[in-house]
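You will see two complexes here that share subunit A, one where it goes with subunit B and one where it goes with subunit C.
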Partner chain A sequence: MNRTLVRILLILIAVAAVALPAFAGDYPLQVARNIMLYMALAISWDMLLRSGQISFGIAGLFGIGAYAAILGVVRAGMPTWLSIPFAAVFAALVAFLIGFVILRLRAMYFSIVTLALGEIFRIIVHNLHDFTGGPEGVVMQQGVMFGGNASKLYWLVLAGLLVAIAASYWFEKSRIHFALTAIRNNEISAKSSGVDIFRWLLLAFVVTSAIQGMLGGIFVMSYGFAAPDVVFSADFTLLPLAMALLGGVYSTRGPIFGAILLGLVAEWLKLKIPYGHLVVYGIMIIIVILFMPQGLKNLLKPAAKRAEGRSA
Partner chain B sequence: MIKLRTTNLTKRFMGLVAVNNVSFSMEEGEILGIIGPNGAGKTTFINLISGIIMPSEGRIEYKGQDITWMPAHERARIGIARTYQLIHPLENLTLIENVMVGSIFARGHSLKEGRRRAENLCHELGLTDLERDTSRLTILEVKKMEIARALANEPEVLFLDEVMAGLNSDETKELIAMVQKIAREKNLAVGVVEHVMGVIRELTHRVIVLEAGELIAEGKYEEVSRNPRVIEAYLGGGAA
Partner chain C sequence: MGPSLRRHNLNIQAVKMAIKQRKAIIFAISIATAVVLILWKPTVLIYGLQAAGLYAAVAIPMGLVLGIVHIVNLSHGEFMMLASYATYTVCRALGVDPLIALIPAALVTALFGWVVFQLTIRRALKAPELNQLILTFGLAIAFSQIINLIFTSQTYKLSLEYSSMSLDIGDLSFGVWSFVFVAVAVIYAVGLQMFLTKTRTGKAALAVGQNPKGAAIVGIDVYRTYGLVFALAIGLVGAMGALFLTKSAIFPGVGSPFTMKSFSLVAMAGIGNIPGILGASVLLGLAENFLRSFRGTRDWAEIVYFVLIIAVILSRSLKGKKS
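Right, the complex of A and B next:
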């Protein structure tokens, strides 16, 4: 398979994404919405990974965005449309503040701290009962955005996905690509070439957190409900991670392919084996990590490039 | 004009004094040899000047400005560049992209202008086929890329930490001529660490000798190489 084929595939996906609401019923639209949401999260996770930092904090920032949005609407009377950018800005602000501390950490230490922070956010929301509604969560009295109209909600998620894709493309095509790749490959060399490592890491962390927060806002606006165990669910960390790994990391299209494949398989497994699907899913992820460290993306490369990809 | 000066520069690693009270200066247009036995502190000295590590004591001045505590990436921007003894190419970037990094970050050029300048540098150094993966380069090409990457900062002071190591004599000759030409054309102050004395003799105007972190001698290669203390340091260190 070659570059042209990848391009054709991507165009087909884009056409399908735009055409879907015209003929699909509520169930396929619901599945597609889920896949797009996870796809956008996978892309945002990959964007930070390009600097070498492995975040396990996706669910944490997603949950923060979700609560920022719903509390903005319920407690501050914010219009629903405004709650989504507000969620993005709030998550960005939180990321900016914690970034000053945690972006000094590397490798496993960074990963574990992001995981712990997500848990801390969940516990805070859990315990601020009067403001957040505690473990029972909050319900939007005015109901779901767009009155629950399935195709409008679909467009909303698609818009969120396009924001993530645009940001990822910006990361790939601008000097950010050089900064993050240099940092991932060798921080000392990067410094000696004038790369202000902390600044670029902070930028990447804040932007990806804003995207994750925005998606949390979109999620909560389309369900009209938030509870700590729902919006801080580990699924929001693990599934995007698996999708990016399956599709191939350090690119935009890797997470796109990975999310479609894993999303469809997960849905199919859910129907076939309602109780065992997560086990099968887990086994798939392990196989991908063990045997395809470069993901599916590697299969889409010309043969000559493939060998290099493996050693990279 | 003095470009770089250190005063009583000292670096301790736990109990070990890797650089001990070193005061020296480097002039514009000068090629300075930095020699000494293995473990003498040459690389540590360059690490201190380029800001990769911070000193325990002492002071570093660049063009009259105190840069003792300045972060490494800022030193790269004001004109200090170096190569690494243990070369680490940015393996997920191509040859030309490796060189571009300095142009766009140390110099702040746009991607387009950065690429143009990086291409010029590569041509000057005789590097071709610039879209190659760094894993496809010969040793000589890797060394040239390392030099090109440092030059992409458009530095005024450049340190080369054993760039000739691992090259055969023809390649070494080529690189010596190249370094001389570049230093002259760009009016650089160059600090050269090499173990091969022939290279030092041919390339440098002046030499400083480190032993166990201390500066024990300074002068033209011919003088320094006759200095009994230097001879003893090399014999004692086991590397002649």
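Right, the complex of A and C next:
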């Protein structure tokens, strides 16, 4: 396929994505919002994965962003539009502080600690009744952002997704890409080539956490409500992870494909089977890990390019 | 060379002394804690030990898998959950007691564990560690969601007379049935220790755990051993699943906290140290029940093991960096 064709196609997709509210009803818009939210989370997870670090703490940072946003509005009287960047900054700050300690851990220890931290955040929010509203959560008295206008809320999530995609491309096209790939492939040789491992990991962790926090803010502003069991739900870790794995990791395209495919399948299954439709995620993860560790994105590439990728 | 060797020996002696001293200190502290608790808050000691028994009995099989097969099985607790549901279904259908179903449950889950190992985990053993982590994570989701699909998220419980037995000493009244978990934990720890050091298969398993390549060279079938150890561990967890049903209500997510708890206990004890899991469980059980015994801190008891796991992992990794 030549480049101009790809460009035209991309522009068409972008126009269609922006213009979707003009011709889609409320239900498709709602589905699209969900898929875009998980897609953005999947991209952010993948961005950190490019350094070889698997985070199981997406839900933790998502929840922190969600609570930062809603408490900023409810307790500090912040305007709703400001609460979303505030959520991003707050999550970034938390990530910066904990990153100093936990980014010295590797492999399964890093993963388990991120999972444990997510649980700790949830329990803290759950137990600070007076400030966070405890298990019942907080409700925004002034209601949902934009007065619940479905099109505007759609564009809000789309904007969040574009931020994630832009950040991911920045990671892919700049020297960050080389640093993270070097760290993933072999830390010792990366170090001896002068890569400051800790600094790059901290950068990646803070940026991805900021994106996750921002998405938490967007989520909570478009529902006007936060409770520990909702915003710290394991789904926010699980679904993005499965989507990125299915689509193919270490890229921006992979998580996008994965999210569209898995998001639509799950939405369809949700209508058919109310309990346990998430089983498809578990099975998808198992199949991908066992039979196609490269994900789907490689199946779409022409065979010649695939062979080239293998030899590299 | 002479002086340096001598210095080396001195170093070893110093380390041995330090270990002895540390053991004595830990022993003294635990005795003191026990005495204080008996006098001040006996229920913390009783419920703490009962909880510790449950944690340890579930964690010990995970320690076995981690020590020999070297995988972190994130679906560990889900295997227990599956065994509980299977036992529940059988007990309901045939009207038998879960205690009678204990051994069959263990055998069936062991077989199931072996099949799961052969179909999935075995294929990922050579893959990077992270693939194994994600694979078992996927298994965990698949298991709990399949149960969700069949049984919905409703909770099920068997009402059994013996499990609500209680004992009165003075004005103190407490449930005694949960002490069965303590007994099982001790049996598991001692039994596994015997199995690994006294039997032929156990010794082979230990050898595989220490050096799979070396074990293969001396003629041990490494993958067969992995499969056996995994099946054994899952069988032990399966028995715990049946036993768990005697005491607690079950729902699809009932197993997953045990995965985290087990991992933190195994990490605390140090990989390959099965008796250490008992000690770590007692610490965790007492700490949780201590916080639970005060009105102000009751809700925070849940946080203990997450904090503990992070503290342990961090201190271990920092210590590792220094040496």
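To be clear about the criterion, the second predicted complex is superposed on the first by the 287 of 312 C-alpha atoms of A that agree within 3 Å, B and C clash if a C-alpha of one lies under 4 Å from a C-alpha of the other, contacts with A are read in each partner's own complex, and residues count from 1 in each chain.
Criterion: a residue touches a chain if its C-beta (ideal position, glycine included) is under 8 Å from a C-beta of that chain, and two chains touch if they have at least 3 such contacts.
All of these numbers come straight from a predicted model, not from anything done at the bench.
Once chain A of one complex is fitted onto chain A of the other, the partner contacts of A:G147 are absent, as it touches neither subunit B nor subunit C.
Applying the stated contact rule after C-alpha superposition, one finds that A:S189 touches subunit B and leaves subunit C untouched. When subunit A is checked against subunit B and against subunit C, the one touching more of its residues turns out to be C. Look at A:L117: by the touch rule set out above, it reaches subunit C but stays clear of subunit B. In the superposed model, A:G25 makes contact with neither subunit B nor subunit C. By the touch criterion defined above, A:P79 lies against neither subunit B nor subunit C after alignment on the C-alpha atoms of chain A.
Taken together, the two complexes place no residue of subunit A in contact with both subunit B and subunit C. By the touch criterion stated above, subunit B contacts subunit A in their complex at residues 50-52, 71-73, 76-77, 81-82, 84, 88-93, 97, 100-102, 104-107, 111, 133, 135, 149-150, 152-153. Of all the residues in subunit C, the ones that touch subunit A in their complex are 72, 120, 123-124, 127, 129-131, 133-135, 137-150, 152-153, 252, 260, 263-264, 267, 299-300, 302-303, 306-307, 309-310, 313-314, 317-318, 321. The touching residues of subunit A, counted against subunit B in their complex, run 174-175, 178-179, 181-182, 184-186, 188-197, 250, 308, 311-312. Contacts from subunit A toward subunit C in the complex involve residues 52, 54, 56, 101-102, 104-105, 107-109, 111-113, 115-117, 119-120, 123-124, 126-127, 238, 241-242, 245, 273, 275-279, 281-286, 289-290, 293.
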